[in-house]
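Labels run A, B, C and D following the written order; every chain starts at residue 1.
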Amino acid sequence: MDTTQDVAAQLRDRLAASPFHASLGLRVEEAVPGVVRLGFDATSEHRNLQGLVHGGVLATLADIAMGLAVRTAIPPGRRHVTIEMTLHFLRPVAPGAIVATGTAVRVGTRIAFAEAGLTDADERLLARASGTYSIVGEGD
Amino acid sequence: MDTTQDVAAQLRDRLAASPFHASLGLRVEEAVPGVVRLGFDATSEHRNLQGLVHGGVLATLADIAMGLAVRTAIPPGRRHVTIEMTLHFLRPVAPGAIVATGTAVRVGTRIAFAEAGLTDADERLLARASGTYSIVGEGD
Amino acid sequence: MDTTQDVAAQLRDRLAASPFHASLGLRVEEAVPGVVRLGFDATSEHRNLQGLVHGGVLATLADIAMGLAVRTAIPPGRRHVTIEMTLHFLRPVAPGAIVATGTAVRVGTRIAFAEAGLTDADERLLARASGTYSIVGEGD
Amino acid sequence: MDTTQDVAAQLRDRLAASPFHASLGLRVEEAVPGVVRLGFDATSEHRNLQGLVHGGVLATLADIAMGLAVRTAIPPGRRHVTIEMTLHFLRPVAPGAIVATGTAVRVGTRIAFAEAGLTDADERLLARASGTYSIVGEGD
């Protein structure tokens, strides 16, 4: 049994169960413990007034990629809560395919740190993000 | 002629012209140069898997409130581009009414700084944000 | 007995006991639970190559002001650990008197949030900061 | 003539000319355009009250490593000004050798982005940082 496929399959189930995530049309392209790569197609409906993809959409992608990367690196029965997130917007982003790769940089018993990079179809870096997560019990 | 009403009316026109902003259902509740207050109703479609409003939605609100606050404080013919944004999530956010207040903290000729606070109907602080903006010519 | 004077006196004792803090020459100008105001004299030795006060010095001031503000707002027997800090540098800072005011924005049982503002002798805002703190037992 | 040695030599000259930098005892261990690695020995004088290296010291190291990385990647006659910096403190840091590696992630004509990682003698990651820099003329 392939553990990597398990991790990706579990994430796909999670995303499908969430109306917010499902409406974004996110694809889990790869997932191993601590690293998750998501695919997303930015369309005209995600544009700001300048015709570029809105920063809030990029923030959403980065938060999901980082959160899922943390989720795949913590024990069963624990969950993550976003405490803080920072985003740097490196380039203007036109509608099109975006890949968001989240990486768990350090996972402690109470606090986890993650980073994310967003790239376009030409693998140009569009944005970088970092985030802090509180690790709590499912019932907390 | 009331300048404050003018500022708010201009922002309403801008938001109405943007499919992304219009689809969010944002209301410009108040706008004076350097301060913009937006109303938003978080619904079940904005929930994450834990039933709380997704952090990406809050990031989007904060970015728009800060960006419009900067926009109202720069000269005509100039526009703002988000360089960087940091968000602190202070409380779990249930669906319901959210007010996002953006404030331009400092506006230079090239760089502007803004902050935002998000509150619920009981005026409890839900999130705080800060952001950096590049000020460029319309044609840049 | 004046509680506010007690809080300030306790902070002064703490700072005096720390070689790092004592060497900075910080003054506790005011302290109430959740808000701490520190005075600092930036001298020529704190300058970068452009003759301005180094950003690392401002970061140090902001971190101390925020951390002490959190410290005054948590129960005895608990301590704070900095998880994350963001700084926005609003103006170039010449050597001279700087006041750093830290405010605890929200203090939970596990996580606290604080903000700080640095001003010069003319009360111009020089920098703004925000930070996240983990609240742990003294023995943790 | 070795360009890489030139870059490192120029940075060493810059650091030696700054009282603030010289007093820190920083060593330029490696420098190529866009990447700078600094060595630093944290001693007992850099400790906070818990006996750990103060976050402000780590912030200073990260800011210098990122700023120099940007400096090595911009044209002669241009200089960098720190706009914003975010730090994540991943582990408690005991006094000892610290290496700070700054990397210019993207350098535009007006704005540059950099990141830094701080590691100890065992190459454990102690802190991560990201920063935004304004690129201006020497006379600006």
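In the analysis below, a residue touches a chain if its C-beta (ideal position, glycine included) is under 8 Å from a C-beta of that chain, and two chains touch if they have at least 3 such contacts.
Everything quoted here is computed from the prediction, not taken from an experiment.
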{"item": "Distance-maximising chain from chain A - centres being C-alpha averages", "value": "C"}
{"item": "Pair of chains joined by more contacts [C-beta pairs], A-B or B-C", "value": "A-B"}
{"item": "Distance between chain centroids, defined by C-alpha means - chain A, chain C (Å)", "value": "33"}
{"item": "Separation of chain B from chain C, taking each centre as the mean of its C-alpha atoms, in whole Å", "value": "29"}
{"item": "Gap in Å, rounded to a whole number, between the CA centres of chain B and chain A", "value": "22"}
{"item": "Touching two or more other chains - residues of chain D", "value": "83-84, 86, 88, 132"}
{"item": "Chain D contact footprint on chain B (complex, rising order)", "value": "83-84, 86, 110-111, 132, 134"}
{"item": "Chain A residues within the chain D interface of the complex", "value": "86, 88, 90-91, 105-106, 113, 115, 125, 128, 130, 132"}
{"item": "Contacting residues of chain A [partner chain B, same complex]", "value": "14, 17-21, 23, 44-50, 54-57, 59-61, 63-64, 79, 81-89, 92"}
